[in-house]
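First chain A sits with chain B, and in the next complex the same chain sits with chain C.
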Partner chain A sequence: MIGLVIVSHSAKLAQGVHELAAQMAGDQVGISDAGGLSDDSETFGTDAFKILSAIEEVWCDDGVLVLMDLGSAVMSAEIALEMLPEQQRQNCLLSNAPLVEGAIVAALHASLGEPLQAVNRVAEAALSAPKLANTS
Partner chain B sequence: MENQSSPFSPFEGKIERNEPHQEGGNSSNSHASPPDARSSQLEPPHQLSKSVVVTVSDPRGLHLRSGRDVVRIASQFQAEITASNLSRNSNAVDLKSILQLLQLQARQGHSLQLAATGPDADAAIEALCSLF
Partner chain C sequence: MGQEITVTQLRRWLLAYAARIIENEDHLTELDTAIGDADHGVNMRRGMGKLQERLQDEEQTEDIGSFLRSVAMTLISGVGGAAGPLYGTFFLRAATSPTNGSSVDLAQLTQMFRFGLDGLQQRGKAQTDDKTMIDTIQPAVEAMEAALATQQSTAVVLAAARQAAHLGMKHTIEIEARKGRASYLGPHSIGHQDPGATSAYFLFETAAEVFTKTGAD
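Right, the complex of A and B next:
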């Protein structure tokens, strides 16, 4: 079963999305969050080392999917990935999915035991999924 | 949120099975005979198709957590499973997708038509009905 990492500029947002994802996943899926700057969670920002330790926290051989809000969250996550040992990096994926919807979908599908690429595919499908009824 | 009446849902919170869809099957069977046994006898497994209308009983409607349970159950079956919200006249959506399921925007009292096609369609519908 894959692990999930939630990255946001806001520590509170990352924790909140983490909690939401945990509701969807039950307790079988490892989920961690990395929000705010490493030395000061009250300041908005992202930190590669914080993301790295969040990845290590939920690391498993099935892989880890990283969900980010945007901007420097993506760049920090890329740097975190570069710091991973080669073998782990190959099994760690940055998702293009929107953070909230993506985390909900990824958590649910991870809990169903789906592999990393499959979970990422359904999470990224949230990019084009309308919220309102009858708009598809 | 009133219970919008539909010909299939005379009782609030109850499930009424409409005539199972049996393409090519004998549609003159009475409603009283057990639909599950009948369809498995008449249909090759891959053509099994079953449809019911359920009424959403949860006061909060079909929300994230109840949707999660629906997707979990639906994912256990091979059958293709769709749902449409008759009360909103919505398109049919894939019940194995939480995003699509939430697009039903189903409130308490809404009538949802569930349809399953596949070898385990009967069991899928039976399992899903207990969630509404």
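Right, the complex of A and C next:
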């Protein structure tokens, strides 16, 4: 079963999305969050080292999917990935999915035991799922 | 052969850079308030405070590569905002350029900046005229390479870098942002100097000051 990492500029947002996703996944899926800076989580920002430890925290051989909010979260996550040993890096994926919807969908599908690429595909598809019934 | 630049001089350069950024915190904040989220001054000041601690505390490594890597790590985790991963990547890539171990000659120093610039472009995906720090750093590195090709002295090469960096920074006033938060403003970003291009200019300003005057000690 894959692990999930939630990255946000805000520690509270990362924790909140983590909790929402965990509700979908039960306690089978490893989920961790990395929001704010390492030594000052009240400050908005992202920190490659914090993301790296979040990846390590939920690491498993099936792989880890990383969901990010915006802007420099992506650059920090890229740096974190580059710091992973080659073998782990190949099994760690940065997702283009929207953070909230993507995390929830990913948690659900991860809990069904789907592989990394498949979970990422459904999470990314959440980008185009309409929120309002009359927008079809 | 010309002047060799040691870790001690690199440390002196980055301490001068940190001090220059801290002096200019309000200026950077002002620039970022106009076209961004007003956090560049605060973020850079925080990162530079961490960098000062690191440069003053650290066991004195003599190896250029290790030194630059430790600078990179400090910036990656200490700055916050897009500037952290960007400056961090600049030094992380610079650390992989060839050195003489505990020193670099002028050609190697130039190459170090080139490696940093290439890393920065891969990370941020920005080109010149996107109104980013690339508009300062790329012309500066190209000016260094051109001056080096005509066998100029350290002072001349770094003066050329500084001048090109300054022109590049000022050029960001005239152009529309295509990267970063300022790009949301579209044409409204014209008329404002880019904060990242400004903090990057100080790298070359302080390099010209520090590396040029340390020849004698």
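Keep this in mind: the second predicted complex is superposed on the first by the 135 of 136 C-alpha atoms of A that agree within 3 Å, B and C clash if a C-alpha of one lies under 4 Å from a C-alpha of the other, contacts with A are read in each partner's own complex, and residues count from 1 in each chain.
Throughout what follows, contacts are C-beta pairs under 8 Å (C-beta built on N, C-alpha and C of every residue); 3 or more make two chains touch, one makes a residue touch a chain.
Predicted model, so just to flag it, every value in this text is computed and none were measured.
With the two structures aligned on chain A, chain B fits next to chain C without clashing. By the touch criterion stated above, A:Met24 is placed in contact with chain B alone, chain C being left untouched. Touch criterion met: A:Met75 reaches chain C, while chain B stays clear of it.
In the superposition on chain A, A:Lys131 makes contact with chain B only, not with chain C.
When the two complexes are overlaid on their common chain A, residue A:Leu108 makes contact with chain B while staying clear of chain C.
After the chain A superposition, the centres of chain B and chain C are separated by 150° when viewed from the C-alpha centre of chain A, nearest 10.
In the overlay built on the shared chain, the residue A:Val122 is in contact with chain B alone; chain C does not reach it. Of the two partner chains, chain C is the only one touched by A:Ser38; chain B is not.
Superposition on chain A places chain B within reach of chain C only down to 29 Å, the least C-alpha distance between them. The part of chain A that touches chain B in the complex is made up of residues 20, 23-24, 101, 104-105, 108, 111-112, 122, 125-126, 129-136. Residues of chain A touching chain C in their complex: 37-39, 43-50, 71-72, 75-76, 78-79. Contacts from chain C toward chain A in the complex involve residues 39, 43, 46, 73, 76-82, 84-86, 88-89, 92, 123-124, 180-181. Chain B meets chain A in the complex at residues 64-65, 68, 71-72, 75, 85, 88-91, 93, 97-100, 102-105.
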